[in-house]
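Scrolling down, you'll hit the structures one after another.
There are two complexes below, and they share chain A, which is joined by chain B in the first and by chain C in the second.
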Partner chain A sequence: MKELLLLSSLGIISLIAEILNLRKLIYPIVILGLLLNIGFCINDLGKNENIYDMLVLDKVSLVFIILTSFISILWFTMARSFFTDETNLSDHFSLVLFSLVGVFILISYKHMAMLFLGVEILSIPVYVLAGSNKRSLFSNESAFKYFLLGSFASGFLLLGITFVYGAVGSFSILQLASSSLLQVGVSKQLLMVGVLLILFAMAFKMSAVPFHFWAPDVYTGAPTVVTSYMATIVKIGAVAGFYRLFGIVLAFYKEYTLVLLVISVLTILIGNVIAASQTNVKRMLAYSSIGHAGFLILGITMLSVSTPFITWYYLLSYTLSSIAAFWVLLLLAPQEEEEDIAIFKGLVKRSPVLAFTMTIALLSMAGIPPLSGFFAKYFVLVNVIYNNQMAIAVVAILASLVGVYYYFKIIIAMFNTADDTGPVLAISTFHKVFLMSLSILIIFIGIVPDFILRIFFK
Partner chain B sequence: MLVLLIVILPVLFASLLVLFQDKHAKNIALLGALANLGLGLYAFFAFKKTPGCSCFYWHTDWVQSLGADFYIKADGINLILILLTTLLVPFIIQSATGRTIQHPKAYFGLILLMQSALLGLFLAKDALLFYLFWELALIPIYLICLVWGGEGRQRITFKFFLYTLTGSLFMLLAIIFLWLHNPAKNFMLSDFYTVGAHLPVKEQLLVFVAFYLAFAIKMPIFPLHTWQPDTYVNAPTQGTMLLSGIMLKMGTFAVVVWLIPMVPMGWQIASKYVVLLSVVSVVYGSFMALAQKDFKRMLAYSSLGHVGLIAAGIFSWNLQGVQGALYQMLSHGINVVALFYVADIILNRMQTDKMQQLGGIRSISKVFSVLFLIVLLGSIALPLTNGFVGEFLLIHGVFQFNTVSAVFAGLTVILGAVYMLRAYQLMMHGETNTLTASFGLLTLNEKVLLSCFAVLIIAFGCFPNIVLSISEEPVKQLLLQVHHISNIK
Partner chain C sequence: MKDVIIGIPIQWYIYLSVTLFCIGVMGVLYRRNAIIIFMCVEMMLNAVNLLMVAFSRYLGDSSGQVFVFFVMVVAAAEVAVGLAILMMIFRNTKSTDIDALNKLKW
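Take a look at the complex of A and B:
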């Protein structure tokens, strides 16, 4: 409970800080608050707090909240330098903090009303943030598109929840498990359709195929800082929320395994294949994030005891690499509009630190050992092969080879020093230190993947 | 502890490079490589005296949740490869003397990193660790070729990278597959031997194919070789040396230790075809080499032929074949690095390696022509040179497997002599023309390096037993293990 209160109050503090003329203090306060949040979570790890049968803070939700808070700290540290219009700082921060509350709820809900609330609290601030670059037409388009399509998804979600309530007679997701035994007649069909509608809505939020069409436009149009937020923390929320519900659904209703398999394989394939033909880096990262969503869904579909850890580790690895990649992109192209791969040309000469970090981040996303992305994919593949889905494993591997192709387009550009490449970039020590530590972290959790496992999951 | 030190020392020196200025980078790297050579030699000779010493293995937990261990262990087979790697890297680093190299710290750092990965790969006794080192070796060489390579390097190096990565991903699938069938749920090599041998024949064949893809691409074997000639020609000299001298031995070594003993039945069914492919490689590589006009490209194709013979010997799976293959890995490494060094000397002075345009270098630099000749004779397997021992044993081994194959495999010796001597004749003999008139004498460094190669070539040709004796017992054991299982079924 105190974690939820802490996050909400951080948002409110950040909102009124401007009025109280404490703008300079917002950043330290937010970071301290998030650190405190991690502390609370670690302290509560053994307990199983049940909040009015609405939310439950069990081990799984707590480790996901720790992950979210940690990535948020990194995100705030990065974002602070790139909000050009200083007057809006507190608005931005409070919007992000409020949407973090949504992530928190999505991670820990056990009541389907909370699922809906979580999705909405998460999404509405992001709609606003996507359009925060008021003068850019693309930003406006992005916000409008996201909002319009997001509302449809919310409609599906509500309809699905209603159907499930009609069939089961309860909003509790645990009720789904116990009612799997009495599957007869109309209520069974109602239940199946209801869950399917919820699945569509969640797939939309995770940008899974065939509900992914919004993602490239929204990612490209939104300011890069906001895109990085959508690609990382929003994704954690969506995937964790998906796992909460479908971890139960998959265990008791085998019918959905096939549906999810199809969705995940299509998502992996289409995300990676279309990304290969992109020349805009933000768009490419958008499609690549679709591909990663596919791997995440595949990991959850192959439900096993280790699924929470697999999902958690994949998210950690993916979000760390994404933050690093977006950070480099932000430093390289602070003005919007020019995000062609060409801007990376000769980066190794212009700024070795940026090139190094970007290489590590991309190699990790491509799944090259010994970086963290390798084990993330490895854990998923082991489960896939364990379930005798050899064909799917081969498809996933071929798709990630396509991934290697487009990630390497950037790497090759960075190491291309043939012609004159432009002036040396002056990067402040602050950014250098953080980027280097991010790279080292990505390598470290890749070399000893179960170091973290031993801390949080044992 | 000793083996751990051997693996880690190059990385330590690579990170040490950061502290020094550009002009010292090469010397520090050389120091590290020489120190490691000392350790490698010590390990090699100490192993003969006390093979049971606890310094020859290092075992600690790595990824507990998967049952993967950090387990490296020296034995009679991989010590030959350790000797090869530690011996060649100092030469490779020193061969950069007198050449201008951009960003030397990064360059030599990557070479050392590569060395660590290769040593770890040869020593690994845990499949996941093996896979990790396998991939880890790829990144430095990719960057070396990408940044310091020649014309059109982006496309060529990427092709190389994608090829090898594709192969290794199939290997990963096979490793996961074996792990799932392993009741102990670990990646230990010895357990994998038992698990693999007890799989149904059809599954063994699948595992065989998956591993074979990875290893055949690395060697390379026809028809998976198309990345090789361009990459060899295009890479910087040191990159080519690493690729041809050490990296292709990853594939051949892995076949001996990680492929055939793991799935004996798979080998038994597939052996006919893979020996055939290897022999095709030999013939194809030799004829292609014959048709080349550039010296470096000719060497690339000749390497394809030689490695084809090594593979044919291994897949024949008898004592002569495997022993010959191990010995030839060592010899071929030394010879090919020496030849690429010769190519580098010529290219550096003449800016071309078109053999038709050169000629008459002999009358300008006598020392160079003598040393080049010794290196060349080693490569065409003249008796008393290191090439002879290996190729003789290999052809003997293939002969026992299949006479026709042996006849064709023997072509490598004949054709090798033809194209090598033709190259020598074109470049060294004849009239000095306006281009070669400016050849100039060898520098001291070039003389010393080439002489060292010449000494090594003759020494290993005269005393093969130093090396062959160390691997005989473990090879016999592996042979016995495989034949035992394939006889039962």
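Take a look at the complex of A and C:
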């Protein structure tokens, strides 16, 4: 409970900070609040708090909240440098904090009203953020597309929830489990259709194929700071919310395993193959995030006792690499509409730190050992093979080989120093320190995944 | 009058709501004016509200009716944000036709 209250009040504080002329203090207050939040979560780790049968703060949700808070600290640290004086710092910060509340609700809901509210609280501030560059037509278009398709999808989510309510007679997701044996006839059909509609809406939020069409456009058009938020924290929220519901559904209704397998394989394939043909870096990262969503769904579909850890570890490694990649991209191309791969040409001479971090981040996303991305993919695939789905494992490995190809396009461009490469970039020590520690963290959690497992999931 | 309403089987409400929902979906897919599309999204949400109330009455459980209030609040918030985004686009393109938004492809 106090985690949720803390986050909401942080949002309100940063909203009124501009009025009280506390602009300078917003960033320290927010970081302190998020650190305090992590402290609360670690303190509560053994307990099992149940908030009015609406939210439940069990071990899994607390660990996901710790991950979200940690990544948002990194995001705020990155974002602070890239808001110009023209944009309102406090508006951006409070919108992000409000959507973080939505992420928290999605991580810990056990009542389907909270699922709906969580999705909306998460999405509505992000619609605004996507359009925060008011004069750019790209930003306008991205905000409008995201808004329109997002509210369209939440209509389906709502219809699904209503059908499930009509069939089961309760909004509690635990009720789904207990009614799995008794239902026959019309109410069984209603339940099946309802869960399928919820599945489609959640797949839309996670940008899974065939509901991914919005993602590349929205990611490209939105300001890069916001894109990095959407690719990391919004994704954590969507995947955690999906796991909450479908962890129960998949255990009791075997019918959906096939649907999810098809969706996840298609997502991995299409995300990676189309990314290979992109020249715009942001669009390429968008397609690669679709491919990663496929791996995440595959990990959840192969439900086992280790699924929370696999999902958590994948999200940790993916979001860390994403933040690092977007950070480098922001430093290289602060202006919009010039994110072609060509900007990375000869980066190793212009700024070795940026080139090093970008290489580590991309290699981790491609899944090269011993970086964290390798173990993330490894855990998922081991589980797939353990479930005797050899064909799917082979397809996933082939698709991630395609992934290696397009990540290396950027790496080759960075290390190509043949022609004139342009002036040396002046990067402040602040950015250098954070980028280096991000790379070290990516290497570190790749070397000792069992250490992380023992800390958080003992 | 009350007996008549109670006498209507729950299936009829399902057919009515799903029909309304599908009209809303068709509107979103076919219309080109952004304002009309907003109205169609609202229609989808309200079709669901109708069904929620019907189920709530049928099951004798009030939580469905409470949920409807949440849906209304969220729908209002969504429209507020949506109209603001639309205003921003109108300032830049002088049009509410969504075909004007074709900058982002592939």
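The criterion applied here is as follows: the second predicted complex is superposed on the first by the 455 of 458 C-alpha atoms of A that agree within 3 Å, B and C clash if a C-alpha of one lies under 4 Å from a C-alpha of the other, contacts with A are read in each partner's own complex, and residues count from 1 in each chain.
One rule holds in what follows: a residue touches a chain if its C-beta (ideal position, glycine included) is under 8 Å from a C-beta of that chain, and two chains touch if they have at least 3 such contacts.
Bear in mind the structure is a predicted one, so any value in this text is a computation, not a measurement.
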Chain B versus chain C as contact partner of A:R135, first or second or both or neither: second
Chain B versus chain C as contact partner of A:I368, first or second or both or neither: first
First (chain B), second (chain C), both or neither touched by A:K24: neither
Contacting residues of chain B [partner chain A, same complex]: 62-66, 131-132, 135-136, 138-139, 143, 146-147, 154, 158, 161-162, 165-166, 169-170, 172-173, 176-177, 179-180
Interface residues, chain A side, partner chain B - complex: 306, 309, 348, 363, 368-370, 374-375, 378, 381-382, 385-386, 390, 393-394, 397, 400-401, 404-405, 408, 411-412, 415-417, 448-450, 453-454
Residue ranges of chain C in contact with chain A within the complex: 10-11, 14, 21, 24-25, 28, 34, 37, 41, 44-45, 47-48, 51-52, 55, 58-59, 61, 63-64, 66-67, 70-71, 74, 77-78, 81-82, 84-86, 88-89, 92-93, 98, 101-106
Touch list for chain A against partner chain C, complex: 113, 116-117, 120, 124, 127-128, 131, 134-135, 137-138, 140-145, 147-148, 151-152, 154-155, 158-159, 162, 165-166, 169-171, 186, 190, 216-217, 220-221, 278, 283
